[in-house]
Amino acid sequence: MSQSNPHTNPIDNAELAESGSPEESGESPRSGFDRLILRFGRGAAWLAFIAMAISVYEVFMRYGLDSPTSWVHESVVMLVATLFALGGPVAMAGNRHIRVRVLYDHVGPRLRRWLDLLNDTITLGFCLMMSYAAYVMFWNSSHNPMGEWSLERSGTSWNPPFPALVKGIILLALAIMTIQTVIHLVQSLRTCFAASHSPEDHA
Amino acid sequence: ADYEWKFQASETAGEPSFEIKQEWAKKIGKMTDGRVEIEVMPINSVVGPTETLEAVSAGILQGHMTDPSYFSGQNPAFGMMGNLVGAWNDPSNFLTFMKHAGGEELYNELVEPYGVHLISAGTFPLESIPSTVPIKTLDDFKGLKIRAPQGMVYNIFERIGASPVNLPGSEVYTSLEKGVIDAADSTVLSNNDAMGLHTFAPYPLYPGFHSMPMIAVSINKKIWDKLPDDLQTTLKVAFDAMSYDLIARLQKQDIDTLQKLKDNPKVHPIDLPAAERRKFREAAEKEWKVWAAKNEMCQKVYDAATSFLRSRNLL
Amino acid sequence: MDIADGTLLLIGAIFTLLITGLPLAFITGLVALVFAFGWFGAMSLPLVTSRVYGFVTEYSLVAVPMFVFMASLLDRSGIARDLFNAMRVFAGRLPGGVAIQTVVVAFFLAALSGIIGGEIVLLGILALPQMLRLGYDRHLSIGVVCAGGSLGTMMPPSIVLIIYGLIASVSIADLFTAAVTPALLLMGSYVAYVLVRCLRNPELGPPLTDEDRQESFSSRGQALKAIVVPGLIAGMVLGSIYGGVASVTEAAAMGVFGVLVAMLLRGEFNLPNLHTSLNQTMTTCGMIIWIGIGAAALVGVYNLMGGNDFIADLILGFDVAPIVIMLIMMAILLVLGMFLDWIGVAMLTLPIFVPIVEQLGYSPIWFGILFAVNMQVSFLSPPFGPAAFYLKGVAPAGISLKDIFVSLLPFVAIQLCVLTALLLWPSLAMWPV
């Protein structure tokens, strides 16, 4: 074999390169609700495009026409914050959150089911506590001290109610994640239950 | 200690004013014979700067020493109390207003419904404006791309013909260096110099005239109300003394920096003439009026501040 | 329970949860919630979401989706493939040539931006599949992408140095000046490492053959043509920063715009491509940011628990020579860097460390550079190596997190050598200041 031949590389390397980006070949959504969230995420992804477009507009207005806008920077931060927050449930729906698989990959299917159940339970605890905290945060930013509805604003010259909105979106993202996790937990429980009643445990 | 409190400040740990705040917290420990122990924490150490009001109110933090402008989004009156842009030509005017002309009582009327009590108001020396071009009159602001963050300062710069650019503090350095902006609403002269801004923005405006943020030294109201009289008095006296100490020491730093800059042939500090400063204050007052109309509390702040300024022949 | 036990319990909890395979994004956040609840009660829980709010509205992170978007678009156009084919032609018969060029490209990317994440995602989407396609060794390619991609926070304009400058109140200009040599040193060491390994075993980075040349470009002239477009895009981004047209963050958006225009001109633009790229941006950001969210929350809770005091006492408790204290601080940074992202480490330690450094009579500028190199290590070191996570998010599906960390170990070793050199010879960084 000529050592300068590029095609001497191990085949798995070529396969690897062709195996595509993770979302094309990654794990599939675990429930119908997850599929719905993924579709919703595809719409929300356009926020990144809008953020890019208005940033370019600001640069053009400021450098080209010497008239910077008062609204672009705040809007970009708000759009990107929304993208980040909603990215949580979307990544969850696509089963794309990164995990350390050292133990997971080295145990049998039975223990793996229990690990799934454990992780879904812990995740539910996380989502519930976070949702509660986000609810308190959102309530405070949408009400004044007298308890009347009043949205927290940015306090800038333009003064949009973005802080209250972003806090509301964080709550929304966490609420969605809670629902996703409840469904996952029910699925895991069912699998564990079904497996413990089935005679063959080595699928 | 009977009372162990965490107060979040609005500065990073390296800023001189942060060290002064820490020093005074230690002094309070001695004054109270160890009954009160206050730990001053830098910005962002527990929550973000816009979130400390809520954290103190909820009792997560026991107090804060911060610029109330951060809470403008909750009520614009915080912005007016926190930094009435252009109003003060000297920190001592502002402290007199706060401590002897009803300012602190007014602030407490605003903040107590949030479950937070103002112990004492402090402030910084007036901020300087680092600029890449000479600004000798108010007309030189025309078309100037100047960084302006939250609050009314943006609109006031607009009123004098500048093109304010809304950038976060972390982008001031590179934007000024590369020429994205011509000038910036940044911090006091000595801090700007420590950052290295004057190497490419050699025309700082000093003494400043536009921005002088308040430091609201506040505590959770429930904690305050339950404190014995002697401790309330000690805290009030100590933090009042801190206000004056802070000003004196920071001003000294600014003046030392100014001397150093004057000796540097590449830097040209500019002192804007009194007539130009008055023009700026007049433009600013128009904006205060707009803010005054936002709610009842804003109107009260406007009335109190303008009548104080008129009584001193500053308006 | 005192803070020392609390700290141990906290680290133990993180490790235990890591092993169970819980998504990283939830581990630090969950630990933050549990400790907030346990230490201060339910009323302190909103502290955690308050940090989430602070994190997602962080202006310097705006560049992250822009870089991911740009990378995804480049990946879907033929621009990336052409670029790497051309690079291969230029690399000629030099073994490992494309990997070396990738390091150099990464270095230029580093001069464009100051954040971590964007550059790694960009290189992970573009360079990694191409290097694999060209038969390069998997581990070497992964290492080059992550180590090279991390350089953005060393090279000016670096957000790590800006934040350090703001926290420590030192000249950002001096920090930038001092950072250039160490950044070059890191890049040079990576290049040298690739070169040595590929010269000893050319199969790790097979050079171009004549038949390849037929396949890709028949001449250097044609190859040159292929790099005109990416060159123009890079010029547009660099030009808009250094020409004072756009701020560092806006320049990333300008880059996306440039790629879109290039795709239009090349006739490669279509709506499905745009849509897929946006979708990838959304998911990748969701993954990346939610890991940071947890760490940000944890720092707030730990500080409130008195973690900052604990660390300060830990250091000042030793009665040893100043240089040993420096080494202890470096060790603490390295350990924290294993668990937290750099913003977390900076907020937790710098308020404590910088005054100590000044007290000991050392230059805070030098310490800033040491900090930045230390953070380079933290990007690559397991178990929380952001660079590895960012790459995992976009790497071909067959590459596991373990593969990535294994690939990074030699590069971590290189970074530690550079760190040691800077500790021993401060003038390596400080000579131009």
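By written order: A, B and C. Residues from 1 in each chain.
Definition applied: a residue touches a chain if its C-beta (ideal position, glycine included) is under 8 Å from a C-beta of that chain, and two chains touch if they have at least 3 such contacts.
Since the model is a prediction, treat every value here as computed from it, not as a measurement.
Set side by side, A-B and B-C show the greater C-beta contact count at B-C.
When every chain is reduced to the mean of its C-alpha atoms, the one closest to the centre of the whole protein set is C. In whole angstrom, the spacing between the mean C-alpha positions of subunit A and subunit C is 21. Centroids of subunit A and subunit B (each the mean of its C-alpha atoms) stand 38 Å apart. Taking each chain's centre as the mean of its C-alpha atoms, subunit B lies 35 Å from subunit C. Contact with two or more other chains is made by residues 73, 137, 140, 163 of subunit A. Counting partners per residue, subunit B has 54, 167-168, 180 as the residues that reach two or more other chains. Residue positions of subunit C touching 2 or more other chains, listed in rising order: 46-47, 50, 53, 59, 245-246, 249. Every residue of subunit B that touches subunit C in the complex is listed here, in rising order: 6, 12-16, 39, 41-42, 44-48, 51, 54-55, 58-61, 167-171, 173-175, 177-180, 191, 194-196, 199.
Those residues of subunit A that touch subunit C in the shared complex are 2-9, 12-26, 41-42, 44-46, 48-49, 51-52, 55-56, 58-59, 63, 73, 76-78, 80-81, 83-92, 94, 96-104, 115, 118-119, 122-123, 125-126, 129-130, 132-134, 136-137, 140, 163, 166-167, 170, 174. Residues 62, 66-68, 70, 72-74, 137, 140, 144-146, 152-157, 159, 163 of subunit A are the ones touching subunit B in the complex.
Remark: subunit C residues 17-26, 29-30, 33, 37, 45-50, 52-53, 56-57, 59, 61-62, 65-66, 69, 75, 93, 125, 129-130, 132-136, 138, 202-203, 206-209, 212, 240, 245-246, 249-250, 253-254, 256-257, 274-275, 278-283, 285-287, 289-291, 293, 383, 389, 392-402 touch subunit A in the complex.
By the touch rule above, subunit B contacts subunit A in their complex via residues 50, 54, 69-76, 78-79, 113-115, 143, 145, 149-152, 154-155, 158, 163-168, 180.
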